[in-house]
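Each chain carries a letter (A, B, C and D) given by its place in the written order, and its residues are counted from 1.
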Amino acid sequence: MNKIKVGIIGATGYAGAELVRLLVNHPAAEITAVSSVSYEGQRLDDIYPNLKEIVPMTLESVDEIIARCDVVFASVPHGVSEEMAVKCQAADTVLIDLGADFRLNDEADYKKWYGKEYKHPELHEKSVYCIPELHRDRVKNAPIIGNPGCYPTSISLGLMPAIKSGIIETAHIIIDSKSGVTGAGRGLTQGTHYPDTNEAFAAYKAGCHRHAPEIEQTLTELAGSKVKVTFVPHLLPVNRGIESSMYVTLNEKGSTMNIEQIHKIYTDAYANERFVRVEKLGNYANIKNVRMSNYCDISLHLDEHCSTLIISSVIDNMVKGAAGQALQNMNIRFGLDESTGLLTPPPAF
Amino acid sequence: MNKIKVGIIGATGYAGAELVRLLVNHPAAEITAVSSVSYEGQRLDDIYPNLKEIVPMTLESVDEIIARCDVVFASVPHGVSEEMAVKCQAADTVLIDLGADFRLNDEADYKKWYGKEYKHPELHEKSVYCIPELHRDRVKNAPIIGNPGCYPTSISLGLMPAIKSGIIETAHIIIDSKSGVTGAGRGLTQGTHYPDTNEAFAAYKAGCHRHAPEIEQTLTELAGSKVKVTFVPHLLPVNRGIESSMYVTLNEKGSTMNIEQIHKIYTDAYANERFVRVEKLGNYANIKNVRMSNYCDISLHLDEHCSTLIISSVIDNMVKGAAGQALQNMNIRFGLDESTGLLTPPPAF
Amino acid sequence: MNKIKVGIIGATGYAGAELVRLLVNHPAAEITAVSSVSYEGQRLDDIYPNLKEIVPMTLESVDEIIARCDVVFASVPHGVSEEMAVKCQAADTVLIDLGADFRLNDEADYKKWYGKEYKHPELHEKSVYCIPELHRDRVKNAPIIGNPGCYPTSISLGLMPAIKSGIIETAHIIIDSKSGVTGAGRGLTQGTHYPDTNEAFAAYKAGCHRHAPEIEQTLTELAGSKVKVTFVPHLLPVNRGIESSMYVTLNEKGSTMNIEQIHKIYTDAYANERFVRVEKLGNYANIKNVRMSNYCDISLHLDEHCSTLIISSVIDNMVKGAAGQALQNMNIRFGLDESTGLLTPPPAF
Amino acid sequence: MNKIKVGIIGATGYAGAELVRLLVNHPAAEITAVSSVSYEGQRLDDIYPNLKEIVPMTLESVDEIIARCDVVFASVPHGVSEEMAVKCQAADTVLIDLGADFRLNDEADYKKWYGKEYKHPELHEKSVYCIPELHRDRVKNAPIIGNPGCYPTSISLGLMPAIKSGIIETAHIIIDSKSGVTGAGRGLTQGTHYPDTNEAFAAYKAGCHRHAPEIEQTLTELAGSKVKVTFVPHLLPVNRGIESSMYVTLNEKGSTMNIEQIHKIYTDAYANERFVRVEKLGNYANIKNVRMSNYCDISLHLDEHCSTLIISSVIDNMVKGAAGQALQNMNIRFGLDESTGLLTPPPAF
């Protein structure tokens, strides 16, 4: 069988670098080309010396690579992906966009949060947004896949069973998330300068992060009625990982349940999912246990005296929150087993 | 003037070590004696080599030191402080207890959360619990001061102005806290072993942490009606610092206010407080800015679309959350300026 | 082809856990059994929750597993491996020992540094010590393989080309090494308690570490004359990685060379080695680039004004320094391509 | 007594920020003005929020502040300090330069390592270089003080007793140093971006760091004959601290001594020094024990089988290695007790 020809646009960003890492050993795909606007003409392993003697490729221009690939992953600033999509359409190349351009159904949301309009609305008709565990059926023939954001992935997976089983109030959900520093990207900022980040911790964009509309979009679909979230991300002094603590009020139905029953709703919901692991009661989801991997671990805790369910959901922001999920989407799109190339276990330390 | 003679019981624990650090340069107090059950007879600077040539003291037994001191700080396991208190009463020595024995007004709470009964109920009549910014008037002649827990301090200071000004719903408050590893103490556990803690992050004791009743006690006093909290602490891979993100719903009165008005409530409330700093709107409280210091920084954020106020409050868990606040209480108790010995600025990095 | 049946003795130690991680996806081997003295009867994924739903195995006793395996890896305290070896011999099972029992050729060294005598000297006649890049020919039919220590691996690989090419003085070599905290193991100690280790750095066992005789043994073999080393390890506040900075004086022959010529000696020496990467001149070997992988990166630097060559060699102490190299040895022993199961690229972050 | 009026030029750099922290509580000096080229007109506590409500000062231009101060500390790029010195001379203001312009006696060295010539050679006649423990007598009336570099401070203090007592070979000394990331300054670089630095470790500028000539200058003065050093710094993933491991060969005299005798040479040499602490034999100098403080801790280790003395010396690079030592020099220059304002103990964690 011919291997799937893969191109990576924006290969020198962190998501791009992670895609390279995951694709190197993918049995049914091969990296055909990598591109970068900033580093065109340079070798990728000069930027990422971890890849020395493993990926001896030179960074090309975008235009050169789309036509040679069956699928391209784009990890570029918002507003740029639409242009990539036009080119991919012309070349009959599947586009998996790791940016924000194909995540929001409602252009008004995009305009409000990103300050731009869709230049090619017809592309958004064709594109799909896909967290595989929730929407894998959408992907089959899609020419453009909007890969979900990192926070929305951890949150949507954490809340889905509670919402779908109808045991919680969904009008307003409080979500306190914490992300490792790779989430802020490779670009230099004072806030990610080592001495400013190390031994530090703070919230940022409280109540005004761009992932909020994406989260509400997914949860509202699940609930069948408008869900609003108060979403507060924090910067965590680790390289990788997102933990989202979600606080939901049990409704009349939920209040009659004990934690074991709620736990069963979760284990049933994810019984056939390879990448979602529901913790035993009493255990806590820890970003440590999913690092470098595509797993999402979820733990459940009940504050009985307030009738509040606490859901802790963890992922590796660069894998399940970005490159891994994009690869999972590629596997689905090309008819492969969803977990192909994604089964390296997370390290213990 | 004679200096206040200070004894430290449990000097080899982290809170004890921090008390020593702060007291070394206190202009009106001197460390008269240090004690430790585990290390009696050894030198303190063998346990804490940072103190070499600075505090050349030997660890004594508890019984030897109480009579020689005007005040003792006790940092010992719960249940033990009561015995210390009996001895202090006999010696007319003020006791400042950094443990949990003198924090809860209701013995039923103590019994429920700590599994023990008060052996000397009369001592609890005499003792006071004091976060200085909220309760400093209580301390004046108190023979026993129950020093607050670290989480309750960050939370109570963060919520006080909102509760006292009557702008929020107080029946149920959601609190997501994160603490540095020194909060878990010097004792060895797998969960605080370096490779298990580094690059890790998880919640623990979600909805069942012993600080919850203390938090509810203080908030209920402030509100004048029962406040219930869903309190979820997380372990943060840094040495020091607590950040508490608090989510409160604005009530009818609060909903009419804009964030500037709410901010003014806070800056007014803390206008005369040396150790509480309210961030400018747009800034975020960061544990980095209060490390090694007795400050509590608070930032305010409004999620208008959910009518939810987000309060982020940070302290150094070992200073304002333990040793520093204990010293602040000592200063008040002995008629000194409250900030004596506590004004070393937090480092920038 | 039947897969190689692998047993892991001491599976709950860090080297054991790393072996499990690496073996999960090994195409020609399968984990048949895991054992642990401390946790017998418990599930491995209760100790290492990263392995949930990946390795659903229960820890057995040592005696039960040896007979069922083609090869066992033993990661146990020194002195215990000899007993394992006796049992393996009886069962015709290959033993790869990650401890110190089969590293030193000279029993006198073992006695001096480990305080014990060999109980079964005949086993030491049969066993081989093998850093594959230096000694792979030894392994072919060996029933017992002494897997090298982490420091000796980084050091021997870093020095081999310089010694074999005869360009340096070998009588005395200075080696300054730094190791991540996993090198100290999973057992709890004050020195590896998070708040004691984080933001800390110090040497330990300066001039008296047990790896020194192993280092001297290998270097002496390479040089053909007695090499003595001053070896000083330091504890580095990271989870993984060893960096060894080696200081060698160029001899008459070496002094005539420029750095490009010396560099060529290295690139030639390792031209056919899959796991050793010699950095371009001007670059520095960084533990970051070899994490989670079996690579050893080496960089070369010349202090001309002192005629001193500086060699920096980095490995992941748990992979090339332990589990990965053990697996590499297994691959050789069983006639597989040496890199089988070891080609997952190191992550960029 | 009037307080010494202090100005800080380059107050927004890390050394400047550290000077502010230390000066806030100095009993005999007051910060009169702070300046910054990049942030002129802004408030210092906007750049360093740790200083909120503590140092409510606005950053001024350099020209405005020199005339108003008794002493200015300059923490500016090399080449700029000379201009500051001219202005200070005109205003009769003492200059303490934390940069490199007044460290090297030999202009040829300056030219070789910094690529510039002295524009005002006469200033270099008047200026002094001063590590107080070695050169405090020089400072008394000096108008310009060249404050030593961080690495040279840790190294010179570590080697002084061994060199002055004549027990070691001094022709060639090997020094392996490791520095926390604040040593690289506040400016953004890829190498100090959090995800690139965290869990990383590597050497840099091996054999070619600009501090080498400064180190050789001091050691040569101490030895009375040319000392050459092979100096290799490494970047350590912590905020603060330098550890230097020094490897010296005992000469004929030294070889007759045991470690206790050598230890006594050190304890005698530093018996009257407030800021140098010689560890008990068997202990290791650890950066943890000197953080935030002006201490230098030194430990001694003997590798008998190679007749090599290993000296480990640790300082806080931002205090004894920069701002603290500069303040110590100011104290001497103005006739104060050398330790004034510098006695806050290092924290235990």
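Here is the rule we go by: a contact is a pair of C-beta atoms (placed from the backbone, for glycine too) under 8 Å apart; a residue touches a chain by one contact, two chains touch by 3 or more.
All of these numbers come straight from a predicted model, not from anything done at the bench.
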If you check the contacts of chain A and chain D, which chains show up for both?
B, C
Identity of the chain that, by mean CA position, is farthest from chain B
C
From the mean C-alpha coordinate of chain B to that of chain C, what's the distance rounded to whole Å?
46
Mind checking the centre-to-centre distance between chain A and chain C? Centres are C-alpha means, answer in whole Å.
36
How many angstrom lie between the CA centroids of chain C and chain D, rounded to a whole number?
38
Would you pick out the residues of chain A that each touch at least 2 other chains?
14, 182, 195, 198-199, 237-240, 286, 288, 291, 349
In their shared complex, chain C is touched by residues of chain A numbered 14, 17-18, 20-21, 24-25, 48-55, 182, 199, 239-240, 277, 279, 283, 286, 288-293, 297, 318, 343-349
Parts of chain A lying in touch with chain D, wherever the complex brings them together
14, 181-182, 186, 188-190, 192-195, 197-199, 237-239
If you look only at chain B, which of its residues touch chain A in the complex?
172, 174, 176, 178, 195-196, 198-204, 206-208, 228-230, 232, 234, 236-241, 243, 245, 247, 284-288, 291, 299, 301-306, 308, 310, 312, 314, 349
